[in-house]
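Order of writing sets the chain letters: A, B, C and D. Residues in each chain are counted from 1.
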Amino acid sequence: MKPRPDETATAEELRKRIAAQFGRSLHIRTMDTGSCAVCEQEIRLLAAPHYDLHRLGFFFTPAPRHADLLLVTGPMVRAFEVAARKTYEAMPGPKVVVATGACALGGVYQADPFVHGEVEAVLPVDVWIPGCPPSPLALLQGLGVAVGRLAEKMPGLTFVADGDGDAR
Amino acid sequence: MNPLDLLYGAGGAWLAAALAGLLAGSRRPGLQACCALSAVGGAAAAAGGGWSMVYGNTGLVTPGGGPTIVGGPLQLQATSLAGVFVALLGLVAVAIAWYAPRYHEPGRGTALYLAAYNLALLACLAVLAAGGMVTFLVAWETMSLACYLLILRHPRSDASARGAFWFLALSEIGFLLVVAAFVILSSKTHATALDAMAARAHLVGGGWLAAAYLLALIGFGFKAGLVPLHVWLPEAHPVAPADGSGFLSGVVVKLGVYGIALFAFRLDPVAGAWPGLVTMGAGALTAAIGILYAMGERDIKRFLAYSTIENTGIIVTAFGAAMIFHAYRLPALSAFLLIAGLYHVANHGCYKTLLFLEAGVVEHATGTRDMDRLGGLVHRLPRSAVIAFTGTLGIAALPPLNGFVSEWLIFQGLFQGFRTGSDLYGILIVLAAATLGLTGGLAIYAFVRGFGIPFLGMPRTRQAAAARETGQPLAGPGLLAVACVALAVGAPVMLAALSRTARTVTGVTLGPLLLPGKLTVLPAHADFSAFSPTYLAVFLVAACAVPALIYLAGRPRAASVSVPVWDGGMVSFKPRMQYSAMTFSAPTRVTFDALYRPAVSVTRASDDDPAGRSGPVHYEAQVTPIFERYLYRPVIRAVEWLADGVRPVQSGDVNLYLLYVFAVILLAYLLGAV
Amino acid sequence: MPLWFARGLRRGVVTTRYPARSDPSAASLPTPPAFRPRQLTVQIVDRMIAECPGTALSRAASTLVFDVGACTACGRCARVAPHAVTPSGEFELAATARSALVKMIPIRGEQR
Amino acid sequence: MTAVEPRAAGGIRDRLTGALSGLGSLRAEHDGVTTIGIPVEALERATQTAAGIPGVRLADMFAADGEATVLRLVWAYEADEPGYVVTETEIDGDQYPPLSDIAPAAFVEECEIYEQFGTRPADGKPLNRVMLPPHDGAGLPTLGHRPAQPPADVHAPHFVGGQAFEFPFGPVRQAGVESLYYGLVTSGEEVVDLYLFTWHKHRGVEWRLRGKTVREAIFLAERAEGLSAVAVGWALAAAAEAAAGITPPPAAARTRAVALELERLYNHAAATAALGQATGLSVGQAAAEIALERLLRVNAAAFGHRYLFGVIEPGGVSRAPDAEVLRRELPGAYDELRRTADALLSTNSFVDRLEACGILTVEQARRLGLVGPVARATGLATDARLATAGAGAPYAGHSVSVVTAAGGDVFARFQVMLGEAAESARLVTEFLDRGTAAECSLVAPRAGTGLGWAESSRGEVLAWVALDEDGRITRARLRPGSARNWRGFDDACRSQNVFTDIPIIEASFWLTVAGMAR
């Protein structure tokens, strides 16, 4: 698809703009590109009393025209690619694409005639949220990271267990 | 020199046009000559009609002196009341003359058709210019026959035979009633000239006056299409050529209205308010029923025909209310409503003819009149779409166009029903106003559908997608569109002229009660309301233009991306996925199902298949034609039964006929002897 | 509706304080593994890679390449070498660069 | 046909196996599964006979490619110790006798088999698309040889005549739901007809499973329909175990059952929440979601995963539940759900929307071979947990009372779900008392075929596998409950409903597109 001003911008300044524009309120459009329905269940639970993402100024919207953030789950089935592109195109910029769950990050399916294997193959992803499924807490953290409200911890993590700290 | 002379000219031109048509044969020049002559006649008629509106009634002239036609003198007179209709006749004639050469293929059928058409024009003119009863009736019958030929343009198809038959049968019944009405009046007043009848109306007993009026109302109601006498319109309009339908709706139907007005306001001053009430009720009923049936039609021309019925109803309602006000000694209001009604006559004549002409354009471009087989024509016939849209705005009575002006006037008149002082009549008049309100709302809904389904969206069939603007007639409809705008913006002028007409007819001078300033209009009383069509039009245009200008001015600075419509990520959008004419009107079908009695039938491929294989689906909600089924069919059966009864008389045996002759002669002698 | 109103009052607040405070329920969530380089040998690593149902684990010479993004936290690697692998307990894994999710774990275990 | 009373001892089972083996040859019989070879010429008669016996339903039909394409029909008999009969038929050529007119439930499978193997029923009747996308289905690999021409596409040019039009909805629908396309034919208000596209989500799971070990296969199968991960995983594992001729240790089997019942609980809670959302009752939805979240946390505390992924292992289970946690937390969580349900049932604005909405008759349920709560709500007492031989072993000795209702409307489905939730809570404690353990009996690589089943919250899940000598899968068939029940959905929507009923009906079915599209 043809690049938009907000796509050509570097991720850094994009994140700055988004933090400036959506710092307080942001509307989320979810898109299922072939998930196993569990990620969807977790996403629905974000709005449930236990997590209540509205308190943080996030809202779900069915209309991509009103959406600032595209929460993509699933390994991007090739047959769905048209719909995925259309949905992305239908969103006004600046927009954030969040790949959600191991499928979307390429952990479960490899690229083959059925699926692309990861969202990145079709859409420009800005934030990656691992997990199978990512728990609502992980999703909240990811959303916070996406709008630059929470610091991302990932670069700091080594996944080297304690007691082996000298692994550096 | 008076308007009548112009009308002679018009008549002559049309006679010549008719002859030219006959002689034209299959040659295009002949066709063009015929149309040119008819246009000249139209121009003359328009001028003469306009003039006689303000001129007043001319004296009665009897060219050829004594008894010339069927035992009666040929008596002509140009009257203000008729002037409105004559002017409309002329305008429509010009528009159609401009339209016809591009619409019709040269050929014998066309030539005969045009001859019949011009004859019909002439007959209509004669009806309107008739100063005597015999002239009127002869002209009226001629007009009916000419229109019958005109509807029979394609005699082979039995649909057109059926339509033409409905037209002729009903107008003949109507004719008999009208004759009866005239006979009553002339026998009681010993006069045949209309003026004389009007002058001596006081000699006639109230009962006879009432009887005559009711006969006339019903008789002309057949032509005007009052419910339940309307059934010929939806049958005849679709089968006639587009310009023929335009002529039928624009002029012929209006002649019925003219007849009603003639009796109500000139010849037949019935005492009491109840005739007005009957008229008003019939009008309101007609309006509501007409628009409701229009909602159920997907054939554009049938749809327009029903909308014609609705508009006739509105006009007749205004006339009825005018009669009531007259009975209650409110001459100003009476005259005001007469003016409003006549204004609506002119408006409807313009935009309805326009819409029929455009329907013809659409049919030529796509080969169908079924709305559910059209769509997206605005991209394929842009110029016609603009013209049709103007007419649609007019007929939907939306400001700033002319339909709004006349309907506003009618409402303002009806809302003043309280001035009658009679609770019953006050309430009934306001009730009629409410009915017209419902009608107006439904009319907007109906014409959103009537324009949106064929012109907007995606083409639903290949034919609709293949439509192209290739030399289709624009000038004729265009002229009418201009007339619509003129009748809206130039409302004060029109109203000034009509107030002169009203003065001639009712003897009431509205003057400042109608037009205090230059551009403001009052509904006959200064303390009720006021508005200015002209200012309104200007304001609305500005209200649309200013934001557009701001947007255009601001445009370069706003960075914008244009993307396709959001369709839920479907692979491809199909024409079958858009609202169709019948689904758009489904809510009314549900709401008024008591009237429609829709018979729903659903067929799914999946139903008769054990495995629930999904496949084609067909859904039909057929509306029951109540009047045909419960009013006319019994009558037709009775007639057939009678026919069967008398058949033995017609054995075809010569001797039997000789016996009949002998019996008759014998009877004559016996009677003579007695 | 009063019924529901009363219910709501009786139910009280269940909403988590996250992200302001940590949430206790996070303790029982499955989390990606953390590795003990000293306990890792090439053989163990290859067995883990064979066990991993996804594409999370791979080996470059003497480095275990761990793609946290692809990890489904199924715990199969931990069952291969319980002594070398423990749950990391980390669930705040969102990253703004795919590369930040790929971790290099040195294989320090002495070859036997 | 005159019903010979099916309750006679061994009645149905013997009649079915007798009739079928009379037409063919008995091949194998163990663990509640009887395998019978039927020659292709006798297939039609066999189907007629089996379909004619009351209490017997066609549970699944699928093909496998060997030297010849083998067509397998799975018949389930519900009465007196229920079980399954698998008929095997070698098809030569690319046509077989039309079965969907005898047993209509076979229609969707006929379509799938045509798409995957190119063999079609002998009658020329059109077949619908199931998995192949209309716009770029050509390149997709298939399990067998590709059909000569793509399926006669009955859906896409789905002609709408007269005064109705097609209201397109999806595939990208409201936020937080799966991708699904509705072709909604309407006259403006009422639903005249409805059809679904699910190929947006077809990931070719069955195609991927070939050549995988059972462990890898279970990992993918869990993700074929994540909301019934345990049921699908269990069915596949059980099939593999049957093929390898082993049985999991009883404690491990009970552990599976615990996980399965927990899965049923949270799914019914989720369906309740969805019903609250669909009826616009946000407070009820919130209350149900509190219960749902509590149940999910119980899952996480007991099994280490909110959705119980990775519990099922070939030959047993990977983890044992934390029994104390379950005993401590589960009753409270379930109570939350029960009290919410009571409150919902005493809210008229909620109940009124459910009653007489989305009605399915028992005939429709039988004809389309529906399973699970949808079928039970019409009065069919079908439940795979009753088949306690083989795969269903842990349920032996625990009398599972099958909850049914009459009416077949949304309300009936809701009541069935509530009844089952109570039953599940009871069963979990029973299983815990009998003892659970994280054990696995070793699955020795060995060639063979096997059928496995489990009752997910959406209904019976069937799995069938063929293993080669070193225990790798040559053909695996997964048939989640969703794959069956979606075909009842459009019928339910059609029965004099309007637009706004559809979300309610969808919530009451509580299916996943993932399970349908696999």
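One rule holds for everything that comes next: contacts are C-beta pairs under 8 Å (C-beta built on N, C-alpha and C of every residue); 3 or more make two chains touch, one makes a residue touch a chain.
Model, not experiment: these values are computed from the prediction.
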item: Neighbouring chains shared between subunit A and subunit D, ordered by label; value: B, C
item: Farthest-lying chain, centroid of Cα atoms versus that of subunit D; value: B
item: Pair joined by more contacting C-beta pairs (A-C or C-D); value: A-C
item: Distance between the centres, which are taken as Cα means, of subunit C and subunit A, whole angstrom; value: 19
item: Approximate Å spacing (C-alpha centroids) for the pair subunit C, subunit D; value: 32
item: Averaged-CA centre spacing for the pair subunit B and subunit A, given as whole angstrom; value: 64
item: Mean-CA-position distance for subunit C and subunit B (Å); value: 81
item: In subunit C, residues with contacts to at least two other chains; value: 14, 25, 29, 54, 72, 74
item: Residues of subunit B whose C-beta touches two or more other chains; value: 567-571
item: For subunit A, residues that touch 2 or more chains besides their own; value: 49-50, 64, 80, 82-83, 86-87, 108, 132, 135
item: Chains touching one another, given as label pairs in label order; value: A-B, A-C, A-D, B-D, C-D
item: Of subunit A, residues touching subunit C in the complex; value: 11, 15, 49-52, 55, 102, 105-108, 110, 120, 125-132, 134-135, 137-138, 140-142, 144-146, 150, 152-155, 157-164, 167
item: Contact footprint of subunit D on subunit B as seen in their complex; value: 567-574, 576-580, 582-584, 586-587, 590, 600, 602, 604-606, 610-621
item: Residues on subunit B engaged by subunit A in the complex (per definition of touch); value: 559, 561, 563-564, 566-571
item: Of subunit C, residues touching subunit D in the complex; value: 1, 3-4, 7-8, 11, 14, 25, 28-30, 53-54, 72, 74-76, 79
item: In the complex with subunit A, residue positions of subunit C that touch it; value: 14-16, 18-19, 23, 25-26, 29, 32-38, 54-56, 66-74, 85-86, 88, 90-98, 100-101, 103, 105-106, 108
